[in-house]
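Paired with subunit B in one complex and with subunit C in the other, subunit A is shared by the two complexes that follow.
Here is the complex of A and B:
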């Protein structure tokens, strides 16, 4: 078999030290890493098992009204946590629209931030892939690339980030808490993932040994709770990655948008926060016209990376839909089909 | 011969009893092939080619052999000799195999070596360490490739061109004509249980645990390949985790048997999910062009169905996609034709409703397009062109309750009042809603089967035939037929099956297994009862003595005088007085050539679909499905409904989900896993109903059974596609339907 070392640190400090050794990979649930090891895409020399570390599995209320979420919290537990559902409903909806129930029961918050792309050329070790084997080229260019990136891609790499969770996190200004060999630091989630440029193998801002220990949702983001949604288009009703998706939040005061949050998924190597669109919405009356204009701004820089020009228009439309649904109000209960266009639409599409 | 009346009674055939193997399955106790671990067993793993055409220039066998736990590496250099070349096709239903005969690569995923090790992990790593170096050649894997030719035969020996009537005259007579081209993709077998084998040799005797849809054919081919007697090949296949046409003998399984030969120890070889996308056949892609002509009153005047499809470079299987056009609709002129390409893929093969699945999709959408052109309701248009006799042959149907299918399905679905124009219906929230119909059809076939029945001195029965439970419920349906044929309660009958050392039940394919093996069981049981009756009627001590011309029936473990129920004799008493341990009956079944020459034999159905489409986003969902099917006599309504559900769900998959994404440069399947090769999940099928329409068929076979395994997929994909048009006004002709096609 492919031999590797397995270490089970007892403290975060031990984990960081072990993780800093060359060839190490952190193991949380393994829902992505173990699959990649089986197909030969990941071949770590050492697995550093995080499952027995103390202190990474709690959700704490913060003085500012936010939440601090331990990196080992499972997706399903987070999605059903009463404070998350109440204060950050779009985050819960995004979580529940991803993967399958079995995977959500296992997958962790920290691991989700480090999900690798589903680009089939990345997963196929016989294909050229600059992300997997720097300098080898990109077989996705000119290949089967219908679902690849339309924003922020480069000649080196056109892969997308597959996470639903991260789209909502980017929209609502989540902060990543990191322990590393040089101590503790924080990165806003929206700056955590990198665009490919000429180094698509460097996917995040993490240095070797740096470990995600927690995620913070700021209390300020809870102000969007009455008008927060995540919407996702996919090629089957469940257990499929996003073709495109959007997280939107609005704060509406006196019939005007006082603040807006918008991020897109399935369009780039990172969750795509659309700040220009958000700025344009401030002061506008919530409505289709304002939303269309904002969505246009969000996709202004988009260009196809292959047979995927349709995704640009589709991303515009999903952004508009997410904003419409957010404006209509967060439903009292999460819909049975979270994030689906087939979930109930308050007021209907033409009402 | 004594007259033995047939009796159908409560507890057996016709009853919706639950699966007799259900408890085993839900508790994980059902033993599938790969669950076997004979002592000393080694694990074999295939190394599969990552190019689609060329040759293997080098393999690092030394590196693989040096890996701890690796016992042997099988390559073309040391593969045990075979008596027959892997390309030999003399045994029926044989396809050319890749058994390490040379260093050529003919498709991506082709086996190029087998690593045998003490553990699965060691064999897997050994296979990775082979690090093959290839000399690759340019590939063709799409229907745009050059070199189309007219195949010699399509499907299993059918002619590549058929016609009746005058096509030119038919088209000339039309007041409306349509011509449209439809594309279906390459689809791959994804049975839950991947192909595998546990093989053990003892001299020239071979013991196999292996899922198979045909014991006798598998024995025959293995015997010829290895030059060993077929009687020495023992195969156990009590359960298959799905077959769908892919589990006749396959090359990877033979490689497992060869590996066991090479190392002289039992070997297990099981394909990974990714390895299913290559050597175990697939459904060929098609590009089908339909030309229809219709008169002003909506009567078809011409139907031309041309199929462009593909086979492999090295073997022939031509998807018989135009077959449905021979049988479904009356037209004075019908013509079908084919052209094929050779691609650098594995050889396509039988995949649930081969031909009809893709062909009925194109035909049903074309019929919908013509109904639209004629301004007619699509159901009325189909009824207007209802075939009273089989159009291509002029033969009457052995039975055809399709009108009842249309009527019962339409009533249940609520079809009446459907607006003609598309984009006419919306749900409460403004999403577009559409309704579509598709006609389902599949031939009723018969193969050959034998069965043996015994009535034992304790009054119980034993029935044996080497049948195949692929998940469809053979253990249950055949036991019901066995019990009925013996006049016993099902609990009083021991049913043996799933092994090659029993009388041959033929192949489980062509939706013909219940009809064929069931008819053999029925005949065997009837013969056993007849022998028992002879004993009783000739025995002065029997209450039935002298009843010869009146006859008896078998019921509840007794023979009962037909005209006087008080005169009865138990099976046990009859055998006891005769001093016999048992009586035996043998039965066999095969196609009735005389009936087949006089009648066209098909199952039929009507599928109604409702789709809901988000008008801005193109996201769609099949919100309702109703199928009404007539397939002769139904042995077990519960199992049959499950067959229809499974088929209809596959139809949804065909219309909306399944597509092998081939990289056109490398020829590799880029979505060779169930995360990315989509099939429907539960949430895709919110509402599904199957209606069993009554149909009696006195000609098709002794049981009157037509078969239900494949018909559900036909008609359904067309119904979904037509519902999409009705919802959106967009006529999608390329499948699966992509979200961008419906963005509006």
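Here is the complex of A and C:
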């Protein structure tokens, strides 16, 4: 790890000013940042510690029935918050499927949104990587790329975004509140992460010094609570990143789908909101036929970026499964293994 | 700014001068305070051997910067027993032979104490396994670990009801 200066701002304004200095990085729990510093991938000159800042650690109910969640709220506290469990259950399920209990106790909302890709060439400073060292190339092309992107990738970079949380946030229209040198602004979570294009080093819309202060879940999304699920396929039973995942929500009225939400994880550099699939579901009777057609639309543009064509079919099946489970109803209590695709599926249907 | 950090470690308040901001809680415990019960397996958040309770919550000490936790309370495996009386989780690990080489054990035990405190798993073995999945065991003592955690949960619930 490189040597760095440590600063502990007392106000958001101080944090923004310190964060805007060249070479600064915000320190939340550090579960991603310190990890990357240990392997020399992140080399900040200055850590601006967010852990002693007032005002970033509360969850407030909003007049529209939504929630405003401070950036320093820990992933575990959010997942077990009574209002989140009741009104935004797929967000809780996504959070609880990520990492381990220890990491969730530490990891923050802001840090989860900004965690970096798990591409192994990005993590290995001896490899070429356009994201870590712009212009150096991409060793994942032609390398070990089974788990890389099938949607939205470019010749420059085929990495995926690893966050489970963000997939549910994208599905349910969360909004990111930001405080920066130029003042306050907000960005829908769906537009927060960027596709790589020719600048994979620019992963989000944030400018230097811009601090995430909160995340908003709109009250409208709570309308999906009775029919919301997150489903995640991993290479081991627990404590692993998603190979592919899906967040699904349905509003069912008189036996027909009145509104649908679907986002996919593990497929692209950003959580992948499947709007065409959502539109196709409106008016349909909830059932395997409609869900298969929707999943087909969600993956219509997918193409392998390497040895990963299998992920396209897998993502389709996980999307179908998430929709079937959502239609069956949100369980009163999360299953022992949150988001597991091995949970029994009503009617014994296979995705 | 001065790099000094005040922590309550195993019930004793201590102020420690740091010559370097890079020190993690894990390195502080092991290398500066000689509390080597907390183990370093991966040093990257992947194995759980370094699990401690920080303000009562289980976390990985290897991914926590000491200076950032000024004012916190730390509990390690060394602070768990009360004199010669083992903590119920420690006793259950012995009773169920929940270890082989023992390297992962301090982390497993601290994680189990955290899990029981969280109250989400109860005595359902599936929920215990999922709740303990952040602690790897190369010797694969998982069966004994799950049994020990279930038994300790029962013992601690009975104790609480009696009190």
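One rule holds for everything that comes next: the second predicted complex is superposed on the first by the 344 of 351 C-alpha atoms of A that agree within 3 Å, B and C clash if a C-alpha of one lies under 4 Å from a C-alpha of the other, contacts with A are read in each partner's own complex, and residues count from 1 in each chain.
Here is the rule we go by: contacts are C-beta pairs under 8 Å (C-beta built on N, C-alpha and C of every residue); 3 or more make two chains touch, one makes a residue touch a chain.
Just so we're clear, the structure is a prediction, and the values are computed from it rather than from any experiment.
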item: A:80 touches, of subunit B and subunit C: first, second, both or neither?; value: second
item: Which of subunit B and subunit C A:4 touches, first, second, both or neither; value: second
item: Touching partner for A:238 - first (subunit B), second (subunit C), both, neither; value: both
item: Subunit B versus subunit C as contact partner of A:27, first or second or both or neither; value: second
item: First (subunit B), second (subunit C), both or neither touched by A:337; value: both
item: Which of subunit B and subunit C A:13 touches, first, second, both or neither; value: neither
item: First (subunit B), second (subunit C), both or neither touched by A:300; value: neither
item: A:282 touches, of subunit B and subunit C: first, second, both or neither?; value: neither
item: First, second, both or neither for A:49, with subunit B first and subunit C second; value: second
item: Subunit B and subunit C footprints on subunit A, overlapping residues; value: 1, 39, 237-239, 337
item: Complex interface listing, subunit A residues touching subunit B; value: 1-2, 39-40, 118, 120-121, 124, 126-127, 139, 142-144, 146, 233-240, 243, 310, 313-314, 317-318, 320-321, 337, 340-342, 344-345, 348-351
item: Touch list for subunit B against partner subunit A, complex; value: 50, 69, 119, 121-122, 124-125, 128, 274, 428-431, 612, 614-619, 621, 656-657, 661-666, 668, 670-671, 675-676, 678, 680-684, 738-740, 743
item: Residues of subunit C that touch subunit A when the two form their complex; value: 1, 3, 20-22, 24, 43-45, 48, 51, 54, 57-60, 63-65, 67-70, 111, 114-115, 118, 120, 124, 126-127, 129-135
item: Subunit A residues touching subunit C - in the complex, by the definition given at the top; value: 1, 3-8, 27, 29-31, 34-35, 38-39, 47, 49, 51-52, 76, 80, 99-103, 105-106, 237-239, 336-338
